[in-house]
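Next up: some structures, all given as structure tokens.
Across the two complexes that follow, subunit A remains constant while its partner is subunit B and subsequently subunit C.
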Partner chain A sequence: MAEISFPLPDLGEGLIDATILEWLVAPGDQVERNQPMVEVETTKSALELPSPQAGRVVRTYGEPGQSIKVGEPLIIFSVPDDSAGIVGTVPMEEAPRRRVRLTARPDED
Partner chain B sequence: MSETTQPAAAHGRHYGTSSAHTVEGTDPHLHVEVHEPEHDAGLRPILLLHGFASNSALNWVDSGWLNALLTAGRRIILVDLPGHGRSSAPDDVDAYSPSRIRADLLQLATDVGARPLRNGDPASGLDLVGYSFGSRLAWEFAATQPELVHRVVLGGPSSTDPLAAFDLAAATNYLATGTPIADESTASLLRMAQALPANNIFALLALVEAVSSEPFDPAEAIPNQPLLLIAGDRDERASTMDALAALAPHAQQQEIRGRNHINVVTSRAFKTAAIEFLAAD
Partner chain C sequence: MSEQMMSMQQALNRALADTLRNDPTALILGEDVGTLGGVFRVTQGLAKEFGAERVFDTPLAESGILGLSVGLAMAGFHPIPEVQFDGFAYPAVNQIITQLGRMNYRSRGVFPMPVTLRVPSFGGIRAPEHHGESLEALFAHVPGLKVVSPADPQQAYSLLRYAAGLSDPVIFMEPKARYWQKAAVDMDTTQSPLGARIARPGKHVTLVAWGAMVARCLQVAELAAEDGIIVEVVDLRWLKPIDEATLTESVTRTRRAVVVHEGPRTAGLGAEVAALISEHCFDTLKAPVERVTGFDVPYPSGDLEDEYIPNIDRILFGIQRVLEHRRG
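And then the complex of A and B:
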């Protein structure tokens, strides 16, 4: 198994952070790509971020009410080794409908 | 002539600006989208009406509503109100009057295939979900179109009219000279309008002006359909929700704990309650 970390994505409009409203997934959950993952609030609006990845949730960052900066870790998934390599390629599923998308943090190791 | 939104035969999205029809002789140039579910539940379409200074993308797409409703098998009609989102911003103040907007909504609902309610046909008619100013429009639309509207969800609703009480002179003065606005409700509505760089402030002020000539009077026309009124328990703008519910014969209410007028919109509990309510006979 491999772990993939996703940071809070750029939410546009010059926003630099967001506050966690509610997590819709929890560590241990098996989630599908595009499944609703977390509700966040910015100074402009509230957003529901879809899961960028199918996999098992290893860890989520931030309790409701806590602020997270764009680029800081948001969630870590555990995925089978043979699917970790496809990150960054064209996904098989339909693209997310939302305008805000998460992208994997490039491997920093 | 602008692109026509076709009644959808296949899955997928259908974008268009306005309809091929005119209302009172002019084309309203509203941005309309019809979204088809992958697995159709066989129920009537749902028209979603966003709030003041918002738009359908922000209120219904980014917030997760569109996906939640499509997953529930519902066919969805999104529209940007005049002067909002991707709809045009006419110079004529009358284009923003609530009665004119309701006429435009009726035309577009008909154009995308909504048909009058028929006994025993769950695909007939139209369901509505409104938020804030969109709830005011939904209340009036339901009351005046009983043969079309089946059920209505009113999010963040108010029995009073914060837009009609808006101090237009103070707002105009603030924009021209920076003079602070004394009225807190006016100041916060203007902050909301200015929070989105894409908002057309002058179109929004035209809407405010049009609304103040037709302020919300919920007792004037009362919807007879089942209504679900929902707001966050920290939503001060919906503090008169009780009074609104008391006017209607078939209204139920729900509060979402810990949420306010801005952040109740994404609430899963809100979406789930709306989906269940609108799936009933």
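And then the complex of A and C:
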């Protein structure tokens, strides 16, 4: 397993920090990419940040009411070593699912 | 026989290592291929084993990567450049078409271009724009290039070893959606790396596919068998030149064909495959060749790609259409 740290991004044009309103995930949670992760408030607006990737949450930074500076750690994920490198996600191997049945019969002439 | 279970990443890594070991003129270059080992870890450990003079990072400039490769090839080296993602090949298209593809022709054989360009290709990994494109039709249209795509770890190892031994430029399209699945690889296989291969023999209809669509077509073949339809799957492998003999032999037996690819439909490689089958099998075909493809839109963001890439149901519908067709 490898740990990946995600810092607070610049949420506007030149904002320098954001205040944690509520964490929607907790250490130990398995999260999917784009899953709502945390609600924060900046001097411009309150907004919900989606998870940048899939993984298990190792640690979150900041309690509700606390301020975090842009570029400082926000959350740490644990991911399998064989997960996708920098871009994308490893496709899940699922049992094939179908809705279409073949009703036509080949004419054997 | 020396079979080992490995992923396509590992099979490609092994093929590159074996190439570097056997060919002292072979070089690997590209963005992050050295220290990092590539974003998909395909070149992992190679810089350490073979040295930074043979496996090296380049600036973020695909045109430069290919221009450098053309020059190195003229100087007697055998470059194996990587373009990190399909969509990043576009900035290098000028070098690929105007230099790489025709230097051998232009120089009357004085400067052959033994360049194997690796391109992680196609969609399926929920990546952003420029990370899910299918460039086979574009490159197959360029005189002087060969184009190939492996469907599984065995093909990846065999085809990369073979491509890297050619004196012609090869565009090597790696299906990134299939990088992680493991399968047995025989490093000493006697199976020919040339032409197409019948991935599953069948009887009623031939599915023609390449890259990641081969695995999906094999799933479809399993499902169709439940309905009594015995599907043959042809893994085309070489997209230029296309193995017309294997295609013709298969469709002459099954008398129906469906070609499946991720790229847009209009002027996609499926059109070429359909034309070849029509030319060679016109009198035996029971239905027009069906195409199940991506759509004529820019490749969508990851959240929508399942709607874009041919899925099991769309392929089954394609089979249904060729089975239902009756001559008027």
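Methods note: the second predicted complex is superposed on the first by the 84 of 109 C-alpha atoms of A that agree within 3 Å, B and C clash if a C-alpha of one lies under 4 Å from a C-alpha of the other, contacts with A are read in each partner's own complex, and residues count from 1 in each chain.
One rule holds for everything that comes next: a residue touches a chain if its C-beta (ideal position, glycine included) is under 8 Å from a C-beta of that chain, and two chains touch if they have at least 3 such contacts.
Keep in mind it's a predicted model, so treat the numbers as computed, not measured.
In the superposed model, A:Thr103 makes contact with subunit C only, not with subunit B.
In the superposition on chain A, no contact is made by A:Val79 with either subunit B or subunit C.
Legend: residue contacts after superposition of the two complexes on their common chain; A:Val57 is shown touching neither subunit B nor subunit C. Shared-chain residue A:Ile68: touches no atom of subunit B or subunit C.
Looking at the superposition, the partner that touches the larger set of subunit A residues, subunit B or subunit C, turns out to be C. Looking at the shared chain after the overlay, A:Pro36 reaches subunit B, while subunit C stays out of its contact range. Once the two complexes are laid over each other on the shared chain, residue contacts for A:Glu22 go to subunit B alone; subunit C is not touched.
In the superposition on the C-alpha atoms of chain A, the part of subunit A touched by subunit B in one complex and by subunit C in the other spans residues 34, 97-100.
Within the complex, the subunit C residues that touch subunit A are 7, 36, 38-41, 85, 124-128, 131, 176-177, 180-181, 204-205, 219-220, 222-224, 227-229, 256, 286, 302-303, 312-313, 316-317, 319-320, 323-324, 326.
Listed in rising order, the residues of subunit A touching subunit B in the complex are 13, 21-22, 24, 34, 36, 39, 41, 43-48, 50, 97-100. Contacts from subunit A toward subunit C in the complex involve residues 33-34, 82, 84-91, 93, 96-107. Across the interface of their complex, subunit A is touched by residues 54, 57-58, 61-64, 66-68, 195-197, 259, 262-268 of subunit B.
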